[in-house]
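Chain nomenclature is as follows: A, B and C, assigned in order of appearance, with residue numbering initiated at 1 for each chain independently.
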Amino acid sequence: MSILVRNATRRFGDFTALDDVSVEIPSGSLTALLGPSGSGKSTLLRVIAGLERPDAGSVEIDGRDATSLPPQRRGVGFVFQHYAAFKHMTVRENVAFGLKVARRPKAEIRARVDELLELVQLPGLADRYPAQLSGGQRQRMALARSLATQPSVLLLDEPFGALDARVRKELRAWLRHLHDEVHVTTVFVTHDQEEAMEVADRIVVMNHGRVEQVGGPRDLYEHPANAFVMGFVGAVTRLGEHFIRPHDIEVRRQPNGTTSEAMVERLVHLGFEVRADLVLHDGQRLAAQLSRQDAEELELAQGQIVFVRPSRTRQFAEAPAG
Amino acid sequence: MPTRGRLPLRILALGYLAAILLVPVGAVIWRAFGDGIAPVWQAVTAPDALHAFWLSLLIAAIAVPLNTVFGIICAVVLVRQRFRGRRLLDAVIDLPFAISPVVIGLALILVYGQAGWLGSWLAERGIQVIFSLPGMVLATVFVSLPYVVREVAPVLREVGTDQEEAAWTLGASPLRAFLQVTLPAIRWGVAYGVVLTTARALGEFGAVTIVSGRLAGQTETLTLYVENRFEAFDLTGAYAASLTLAVLALLVLLAMTRLQRKEGR
Amino acid sequence: MAASTLARGRAGQEVRGGAALLRGTVTLYLSLIVVLPLTAVVWRSSRDGWGAFWEAATQPQALAALRLTFAVALAVAAGNVVMGTVIAWVLVRDQFPGKRVVNALIDLPFALPTIVAGITLLALYGSSSPVGVDIGYTRAGVVLALAFVTLPFVVRSVQPVLLTMEPDMEEAARCLGAGPLTSFRRIVLPTIAPALLAGAALAFARAVGEFGSVVILSGNIPYRTEVASVHVFSLVENDDVGSAAAVSVVLLATSVLVLAGLNLLQRRRTRHAD
């Protein structure tokens, strides 16, 4: 159930949503398409689903050319940001829809729906209407619905984007767990790097209709291919040609030759960690992240003069895009 | 909170409505029953009246489904498709709202009448449009054409395409997805449009009077029958038939109010 | 190429073909039902040349009917601007028992067949009027008939705008010392103006074309109470189809102009909303 997209291009009028994109998604993986809005990640997902047809390029699902297949015959499950619940049907009827279309026997449908509702933790709500469910419950119902026909590929378009922060966090963990259980090749779209890092085992970073980098969460963080990826997957400060992560800044009370003088402009306590917003003598601003213990040992305070030195920086050949 | 000037405005508004709407309708009811219920019942059940009643229903029964199917398809085309000439299509749909029914009747005569574009060609094949049912249906279809489109299009826009696309990915054909997923989602809009179309179809007078030839007991609809009785100084008959139409209108109002509330939810 | 980019993007050939089929069906239906007959009217009026058209459209009786029609339609549209706004305002801002019934009754002229409207009005304001007002077969009767059938247009287009308008704005203006009239003129009127104009234009178009109620209430006296639609009707009855077509084209052109104006207004409104 691997997915192979080759040289896909898609334009909407003057806007190029996908610009010669090639991506391979291995079987059984949980992949995130990560990028800012307008980066083409949703269009790529819709091209894979067959809801959008590329102007050029091809899509292969499980080794079969699917480029000209309609969405009905691709064997994909699709989950929409705003749930796309069938409002006039009960939860049971929603989940059973695909099975009814496939003309499965009644008893089988019933059993399968019960099993799925169990899986998405909605048993007992089978006879409710979507309007009687919370957002998180609706999205879980939509997931059950898309899994009912046992798709070879599960596609989710910003699945948690419409939910509030707490429910979103809960569902992330739950999706990861679900994938470990069902093992279906899964691709989800998100603009939230934290979500991508937490849930996915592979991340495709997109920008301006192109793929910037593909890799595991740690790869991307440790070895970003360019300034855009470095900036998008984590906080970053730029000093001339150098890009520095906040936790790669050493903060001392005393100068030691390689350090620069800086003033603590503001201290932000983030529970376990402390972020110090610093101003260098030339007016450049810099954010340093320290453990609470380190911050306490240094007795950091607002207005204090400290000495800083980047312990690790990166340089990229190209100027950062966008 | 009470404000100065509110009461006079209320009196003005309600007074105007009373003078122009309520009191006249009351007067007709009062007049119709001036001689008791028996003459009204007699007038309503006279053979020509009954025939007119059934003919009106028959014409509506043909025109309303036609315009409902067309209206839904047209709304889909307007909302979901982008093409050259879309603006023009959008504008043409409103024409029947703005054109005099008499002009519509004349237009049909010029196409389907004896000397019309298609009249003689059709007559050779034994098809008579003007002064018979097909012409009356055409006139009714024309005048009641925009209602379903105009009610369904905004609802369809609001419903969006997510649900239909979800159905596609679940294996449903485009037709099945539309019938089982989108149509139920827009059903109150469709129902509202159907109610308005029906009211317009039953009430049409000007266009139908021109193309019908007004043969009593043959091509006379209920509205034409009202005029016929009025011209013949049979006021009881005219009031009684008017009352039938007014009751239908009240039912329409009731349906509209209920559907508006459903749509509002 | 008129192919829709939207349809092209969706699910390939099948849907692309389906979209074209739907578009074709709609175009054909509209062409047969609406465009073809109206073209016939324009064609018939111009068949014998511009001179013949002009002569037919400016015959004294036709001219009198057209003048009366436009004058009365304008007056009725203007009357609706005032009364429609008052009624809409009362329905939105005022509270009184039976308001919901009154609100529903506003649509009665849409639901009631026009011929019934004519008979209804004549029963109360005709020669045997129980209230002693006899305006049957007069120009006042024409105005009354048109006021009845056009009542809902302004009310129904202004009402939703007033509903979305916060009463705070009016109250704030009053707190700043503006009198009720000033606050209405400065705050309410500019907000509802586009909707008011749209409603008035629709009422005008409807009044110009109205037939059923007028034919009963006006008596159809040539040069006095005969409106354009009734005149066209009598021309058709007398088999003078050419003249009927000429007068019809004037009415048709009015409808098209009003619709075009409304379309423009709508587009400006949506641009403002963006």
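In this text, contacts are C-beta pairs under 8 Å (C-beta built on N, C-alpha and C of every residue); 3 or more make two chains touch, one makes a residue touch a chain.
Nothing here was measured: the structure is a model prediction, and the numbers come from that model.
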Original post:
Most remote chain relative to chain C, going by C-alpha centroids?
Top reply: A
Original post:
So which has more C-beta pairs touching, A-B or B-C?
Top reply: B-C
Original post:
Whole-Å distance, chain A centre to chain B centre, using C-alpha means?
Top reply: 53
Subject >> Euclidean distance of C-alpha centroids - chain B vs chain C, Å >> reply: 16
Original post:
When you check chain C against every other chain, which residues touch at least two of them?
Top reply: 5, 11, 14-15
Original post:
So which stretches of chain A touch two or more other chains?
Top reply: 50-51, 70-71
Original post:
Going by the touch rule set out above, which residues of chain B reach two or more other chains?
Top reply: 168
Subject >> Sites on chain A touched by chain B in the complex >> reply: 49-51, 70-74, 76-78, 80, 82, 84-88, 97-98, 101-102, 142, 145-146, 148-149
Subject >> Complex contact set, residues of chain B against chain A >> reply: 162-163, 165-173, 176, 181, 184-185, 187
Original post:
What part of chain B is in contact with chain C in the complex they form?
Top reply: 3-6, 9-10, 12-14, 16-17, 20-25, 27-28, 31, 70, 73-74, 76-77, 80-85, 87, 89, 91-111, 115-117, 138, 141-142, 145, 168, 174, 196, 199, 202-206, 209-210, 222-223, 226-227, 230, 238-239, 242, 245-246, 249-250, 252-254, 256-257
Subject >> Residues of chain C touching chain B in the complex >> reply: 2-7, 11, 14-15, 18-19, 22-23, 25-27, 29-30, 33-38, 40-41, 43-44, 83, 86-87, 89-91, 93-94, 96, 102, 104-116, 119-121, 123-125, 130-131, 144, 147-148, 151, 180, 202, 205-206, 208-212, 215-216, 228-230, 232-233, 236, 241, 244-245, 248, 251-252, 255-256, 258-260, 263
